[in-house]
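Here come two complexes built around chain A, the first alongside chain B, the second alongside chain C.
Then we have the complex of A and B:
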């Protein structure tokens, strides 16, 4: 039941629908009536990616085909998925291993430079013992695109994994991350930002499975939905039997800026061990009228005041990005999306 | 140290499951199994009019087309719906005119359960003692309803469902199935086809019901299911508080309890519905037997500024699968849900609530406390949704789970769907175990381990216990302690 298998076999009934519990808010079967033809190979220039000023190294996929890149697994590396063909479908998969003790910053970008495409990306990432990976995912899809990105992360004991998703949505979009957490002092941070307007949709789904003792997970997702947009957050933390001393926190907070926008959230905790400390918090609401009033009283126009407050709201997630250069790019992206002066 | 003393006494009075006795009573059964004929049989037994029979048959036909849902986090072998009695009633020649005509054996059962059925006994009690009217349902029929005259004097109708179908057909026809439609879900549909008895309450406009109303459900017969149906209508500005208690004998086979409760609230009405559910939970060691408690409860706040409050203490049942819900339709209406779910042994509970905000400025509050011990599983599952028209909607949800022991599980599965920009939703959940420090502190001061656990657990669930009417609060507190007996160590 996935977009990947539907693209492979051409069988539309393999698409997940609202009747599938994990896809209840991200219906693909109801939306995709015909599968567009596979994207052609691209010959010609590839435009520069959003992280170009931070690194030249990395792997590039264009129209679902790998066109460049060496397997570098330390330092700062880009991973680009570029869609350049209108109304086509594409599927890509990629595997990455961070060797024990090494540190990698992965600057991943999904660049929709065409219209109405259907894209599926599958990633397998393994982080070795004591290794550290920070993954920053910037997703800029076309408003009519359908894009599903699924990553499976395997952590070794003592590994550190940090992730920040920044997305502006698509017609339907799902960024799914599944983390196999061994406990054993491994640390996970899973963050996300969605800023949606128009009729865009963005779904951030995470599943963290704690299998062993002494694991830490910290999650913070913040989103803004305006116009007729729809934000979806599904977070699941599973603590298996015996995974004691797990410390897991999950937070999802969203702003709804219009009466036609929608935010759906399902923060789940499935706990099979008793010596744990797990919590989640979820809030959905509007901007504080009093804060806007305060700003206007001081001569700041309403639109600007709203933008300021929204940037500050989302800013908390951006602040948690460790890599300085990536953090600056993320902050600029947020400011641009929210129409606020930087 | 009053609280400690009480806890000590409670623990001293522990029994495994004190309501597990069976009563040999002459009973009348419908033939085993389920078919159109059985539906006709039940309807005929109750002397129902044709429209009621048609309604049941329609439900039965729909039920045949429905599929049994499987999404809950509960595991149980497939139920054989043909291997159960759908109607079991204590035999009586004619319907009893007064309490004196009720089989003394039956009265003894309720006396043993500590439920006052004799009005004079209640009246003869301590002066100022709370009085409450009782509708006692034994398997498929209501055996007696007390204080009917006194309630009728203020216009309150309180009777069994069967009687309401005969005496007040216009009200029943208007409201039955209007909150939980026949084909709402698999078990509600089954209930609509074969429901036996339950309570019917109508509070006229502006009346504050002068006493607590209550129902005691008792499953007694072997191999039988209980399918009661309760309908409470609070007209404009009316108020009532309703209590529900349930017990069953200890049996090795599972018994199905699929009830439907519908509450209708018009403008400015208020209903407080409290449940202390203590069905037989099955054998704590082997998990054998126990009740499957698959219940649909829903309140429809049709009127502006109406208010409904669900309070539930779930300690029994092998499997609990229920979500008392509030449809907040009226402007400024509000819903509350306070719940304690205690699971021990092999019990499984998937319970929570739904708050559906449809009207402007509607408010809801959810406080759910789950305690799992032994090899049990407890899941909080809840939905909070706001319609685009529900501007100014407000929800606060808090669910806390407490784990006692290494083999139990506690899950939290909330769904939040917000569809407008003028509402605020807050949700927080925590899962922890009993703190070693606190246990140590209590034990240092001379409490045994079990007393300490009972004390701490009572503290954990205090927010919810406070919402219960007085008589129930004491009982519920004891129940929580009893249910957790033997869970530590």
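Then we have the complex of A and C:
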């Protein structure tokens, strides 16, 4: 059941539908009646990506084909998936290994520079013993696009994995991250921001499986849904038998800015071990009217006050990005999406 | 300066203000005292434009501008400042960012140039020092985790940065110990000037030992039922509000 197999075989019945529990808020089968033709190879210039000023190397996929890049596993590296052909389908897969003891900042971008495409990206990432990977994923899809990005992350003992997704959604979009957590002093941070307007949809699904003792996972996702947009958060943390001393925290908080917007959240903790510290918090609400009045009383017009408070709400996630340049780009992206002057 | 004429206001169907008339000329400090439920906070909220109140009769103007026709931020740009009884915490917005945003929004609304960052920071450092506010605190989320006294001091700091024409202090003494009360009162007194008016709303006389009013008014059951000099506050302290509540 996946978009990847449907694109490979042309069999639409392979698409996940709302009858699949894990896809009930992100129905693809009901939406995709015809698969668009495969995207052609692109020969021509490729516009610069959003992280161009920060990266010294990178891998680029255009229309599902790898067009540039060497396998670099340390430093600050770009990974770009660029859609340049209207109403076509594309599929890409990529594997990445961070060697033991090395540090990598992966600045990943999904750049919809065409309309109405269907895209699937599958990533396999391994982070070696004592190695560290910070992965920032900026997803800017076309409003009519369908995009599924699935990453499987394998961590070795003592590894550090930090992730921040920044997305403005698509016609239908899913960013799924599955982390195999060995415990063993490995640390995971899994964050996300979604800022949705129009009829956009964004689904952030995560599964973290703690298999051994002494693992840490910290998760914070914040979202904003306006107009008729729909945000989906599915967070599952599994603590396997014997994975004692696991420390796992999950937070998802969303602002709904219109009556027709919707946010669906399913936080799940499945705990089969003893002596663990696990917690989740989930809130969905509106901006605080008192805070808006307070700002207006000081002279800030209503729209500006709302934008300021919304940027601040989401800002907590952005602040957790360790790489300074990426954090600045993320902050600017948030301000732009929310129409804030700051 | 501030002119209130026969002001009536209600919350849903419940009348709270039932004909308040008050005139605070520039350069004067007037105190409004009254028992709980008299409408003191309602008066400050109606003047500043908070939602949920309906004005059914009367008028309120500041320097001739009809306050009731303006949005809350437009009233602020005209120079009206309400010091909140319970200032809000704004996580994620540093105090300096908040105040600079407010100052520049007000200046834009008045057709003035915005204040550039260096000039703003210089002013903020001076004003913070005068109020004994640790400058580092201004880089953190506004009022987040602050004590009651720190929040009130931050209100005074905002006043001194925004330099409003008219101040309404709503129960500024609530939640303050005596040291905080002194610092806050000194901050307010420093803002007294012949061009500026103030309305000090309080339940207790204590605050008026530090901020000396020119006139004292008693608000009971939605009306001003007595007015006098500073001695009226002392009399209320001694006798309580009973006779005014009964009369109203």
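Assume the second predicted complex is superposed on the first by the 341 of 342 C-alpha atoms of A that agree within 3 Å, B and C clash if a C-alpha of one lies under 4 Å from a C-alpha of the other, contacts with A are read in each partner's own complex, and residues count from 1 in each chain.
We take it that contacts are C-beta pairs under 8 Å (C-beta built on N, C-alpha and C of every residue); 3 or more make two chains touch, one makes a residue touch a chain.
Being a predicted model, the structure only gives us computed values, none of them experimental.
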Query = Sharing chain A, do chain B and chain C clash or fit in the superposition?
reply = fit
Query = Regarding the shared-chain residue A:18, is it in contact with chain B (first), chain C (second), both, or neither?
reply = neither
Request  = Angle at the Cα centre of chain A spanned by the Cα centres of chain C and chain B: state it in steps of 10 degrees.
outcome  = 80
Key: First (chain B), second (chain C), both or neither touched by A:301   = second
Message = If we overlay the two complexes on their shared chain A, which of chain B and chain C does A:279 touch? Say first, second, both or neither.
response = first
Task = In the three-chain superposition, say which chain, chain B or chain C, touches more residues of chain A.
result = B
Query = Touching A:266 in the superposition: chain B (first), chain C (second), both, neither?
reply = first
Ask   = Touching A:257 in the superposition: chain B (first), chain C (second), both, neither?
value = first
Request  = Considering only touches as defined above, state whether A:336 meets chain B (first), chain C (second), both or neither.
outcome  = neither
Key: Where chain B and chain C come nearest after superposition, their Cα distance in Å   = 16
Message = Can you tell me which positions in chain B touch chain A when the two form their complex?
response = 71, 388, 391, 401, 403-433
Key: Of chain A, residues touching chain B in the complex   = 21, 241-242, 254, 256-286
Note = The answer for chain A against chain C in the complex is residues 288-291, 293-302, 304-305, 308-309, 311-313, 315-316, 342
Remark   = Note: in the complex, chain C contacts chain A through residues 48-51, 71-73, 75-77, 81-82, 84, 87-88, 90-93, 97-99, 101-103, 105-106, 109, 141, 158, 162
